[in-house]
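Structures given as structure tokens follow.
Look for chain A in each of the two complexes below; its partner is chain B in the first and chain C in the second.
Right, the complex of A and B next:
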């Protein structure tokens, strides 16, 4: 890479940084990450690029790319752009799957695509980047970023945002290499004919193309389709621990109940089926059992129902729900979906509405009430914590 | 009839009056309930449009929301209220009023003394966070804390119940401030027809 191009790249970064460096983050860890970026920027700025070797130029280029991506996600993670309510819910489930000393920050980037939900593992797991920064500039980033992308116009849509639990599932999968381990085990057992007929049939159900891959397996040229599909199955099950079958509802809608699998995604029918089996504790599926047992062995944590139902759906009374614990927090999404799928005349009747309530009104009501329920839980918890600190210091 | 503390508490314990979250029971005073400043603000900003059109005269008018910028704060963070700036905010608390009780809102005396005024009535049966239209009449900016008890409500009981949902409502279960929907007033449509006849 030419030095001039690196300088161009840095000039672009300087412009972006000028816009972002004054961002305020309520999360101290995001602020700390931003401060590390500030320090890194000063070091980049102080360096004379013209004296660098081609390898060094390339290294700097990777660092600038890293800086840009960090900015992209931090910029969209301010309070004004992403509701802290949804991030809090994801944060609660994240806590259950990582060790306390591990410092990951959930950050979001907003895109204009209506189906633009995705997870990118780069800033969480690309050790090369962090080592490079440490070697070149002696800068360490104690926090890693969990990059989740979502559609800009759905940031306050708590029905659609159940998908974010699935994206978090991808992070957990990559962190522990779960799908990768299952993939090796499954393929070895299947292609070496180590499965009984019933288990073999179950594998063929969830991976209907698998028999066609036998030759590729023997030639050690197995395409990644099975691995990709395992990632999706894992993330679907991971999400359903917290939001039950809600991800199925949204999945059905966005994939139009797709009956055929694609390169990266299994058929919607199979995805819904495996989630339903998991939720019903149906132990008949070899594939599901393999995912469950492998996850337990690898992470020392169980894939299990981790939400607790709120018995009284107060949304019908136009009230936010009172949440007692984190498990109930997740089930708000279930309540929201159930209300949406129910007969809206119930809302009109209970509240003596003399007019027909329409879809837009119900959509706003549900989203507002979910947000306020989460918000009140966070506020109450923060208030109690602040009071305890105040009492201690008195 | 103005409700007293024990009457307000009774309504709450029966579930007829809902205030969530009620962080501190001391918010319920002898004749008022203190409410806290919420997280969300709509701040009036100058736009390329020359004026806010609260009529239906202009056919291609910009929405009123385009004259406001949304901003959020977390509990304990602060928000600067500048002199003569209109800021829409909400209470931290979500309320649901009985169908025979309305509330009359004022700033708490400590804030009125700083030059912040509000005066609003919330109708019987209303449910949502209470909308606040804050204006700072002081010559100096005032820094407010999210979660602070900034305003208070007096509760009045009517002799007869009323139905909040006897007609379609512009604001249901509002939890963040919403810009004025004045252009949706049906009367404006009628009055606009009249004006068109003059022309």
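Right, the complex of A and C next:
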């Protein structure tokens, strides 16, 4: 790689850093991360790139990529921009799937794409990045950024944001390489005729094109479609642990109940079907059982129902719900969707309203009440934690 | 009273009056997008192997660890479900390209010939292997 291009890249970074280095963050850990970036920047700046070998130039370009990605998300996570409530819910789910000693900071980036939901695992789970930075500049980043991207105008839409649980599923999949491992195992067994007819039929149901791929398998040129579809099935099941079938409602609508599969996505019918089987604890599917058992072996964690229902739906009384624990926190989204899909006249009737409530009003009420419920949970938890610390010190 | 409260909530708290039908594109191609990091990992690891061949010994532990995992996978001492998760795509790529080589390789005695062989596999590979 040309040294001049590295210098161009660093000049671009310098300009970006000049704008970002004075950002204020809501927590000290982000501030500390920013300070480490400052130190890394000084080391990049002090180096004479002209004497570097092509491999060393490449190493530096990876570091600049890392720096840019960090800035992209830190810039959107300043005091007044971070959507605390959804981050809190996702953070609770995340805790169940990572080791307690791992120190992650969830940061967000708001984008203009209407369906621009995603998690970027690159800074969280790519240890080679940190080995590179440590080896080249002797800098360490004990905290890792988990980057969530969400559409700017849906940031407080808690009905649409159930999609983020699916994205968290992709994130966990990437951390553990679950779909990759299942893919290799499944293809080996299927194409080597190691499955009984019933299991084979089940695989053909979820991957209806698989038989056409036999020649590609023998030539070791298997296209990625099965792998991509496994990623989606895994992430759908992962999400449903926390939000039941809510993700299906949204998916069903935006894909128009798509019966055909695409290269990257299975048919909506199959996606909804596998989630429903999981939620009903239907053990008849070989594919579903393989996903469950592989996930357990790889992560030492079970895919299981991880929400508990809130018994009193206060939303009809226009009140936030009292949340007792993290499992109930996730079920707020289920409650929100159930209220949205229910007869809105109930809200008018229960509250003696003299008018028909319309969609925009219900939309705002539900989102407002979910947000207030989450907020109240956060405040109560922080209060209890502070009390416990105070009692210990007494 | 209630109407006022609701109006207040709506005025204070709604960011946008959103018509979902208006913002949904005809296809779901943007939804459920997930960034992949396999290319990034393979690119960085390739760079480490090149650096090691160029004489920078500080990359030896990280490169040898990956070779050791590929060796364990080739011998069947480890499976797809319990090899190191961070280096998974590289380990699988190496082992699948030459299982016989990785059955016999000893990472403790790896020399430039071994690293060159690893580098050849990494640089010959045009895209990530899906089997």
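Convention: the second predicted complex is superposed on the first by the 381 of 394 C-alpha atoms of A that agree within 3 Å, B and C clash if a C-alpha of one lies under 4 Å from a C-alpha of the other, contacts with A are read in each partner's own complex, and residues count from 1 in each chain.
Please note the rule applied: a residue touches a chain if its C-beta (ideal position, glycine included) is under 8 Å from a C-beta of that chain, and two chains touch if they have at least 3 such contacts.
None of the values given here were measured: they were computed from a predicted structure.
More residues of chain A lie in contact with C than with the other chain of the pair chain B and chain C. Contacts of A:39 after superposition on the shared chain: neither chain B nor chain C is touched. In the superposed pair of complexes, A:355 makes contact with chain B and with chain C alike. Shared-chain residue A:318: touches chain B and chain C both.
Legend: residue contacts after superposition of the two complexes on their common chain; A:14 is shown touching neither chain B nor chain C. Contacts of A:364 after superposition on the shared chain: both chain B and chain C are touched. In the superposition on chain A, A:379 contacts chain B only, with no contact to chain C. When both complexes are overlaid on chain A, the residue A:138 reaches neither chain B nor chain C. Shared-chain residue A:120: touches chain C; no touch with chain B. Using the contact criterion defined above for the overlaid structures, shared-chain residue A:223 touches chain C, although it does not reach chain B. Residues 318, 351-353, 355, 361, 364-365, 368, 371 of chain A touch chain B in one complex and chain C in the other. Per the touch definition, chain C reaches chain A in the complex via residues 2-3, 5-6, 9-10, 13-18, 20, 23-25, 27-28, 30-37, 40-41, 43-45, 47-48, 50-51, 54, 58-59, 62, 80-82, 85-89, 92, 96, 128-131.
Chain A makes touch with chain C in their complex at residues 53, 55-56, 58-59, 62, 113-122, 125-129, 131-132, 135, 153-157, 160, 163, 166-167, 170-171, 173-177, 180-181, 183-185, 187, 217, 220, 222-224, 226-227, 231-232, 235, 251, 253-255, 258, 265, 294, 297-298, 318, 351-353, 355, 360-361, 363-365, 367-368, 371.
Considering their complex, residues 26, 79-80, 84, 317-320, 322, 351-355, 361, 364-365, 368-369, 371-372, 375-376, 378-380, 382-383, 386 of chain A touch chain B. Interface residues of chain B, counted against chain A in their complex, comprise 18, 20-21, 23, 39, 70-77, 92, 94, 96, 127-129, 147, 163, 165-168, 172-176.
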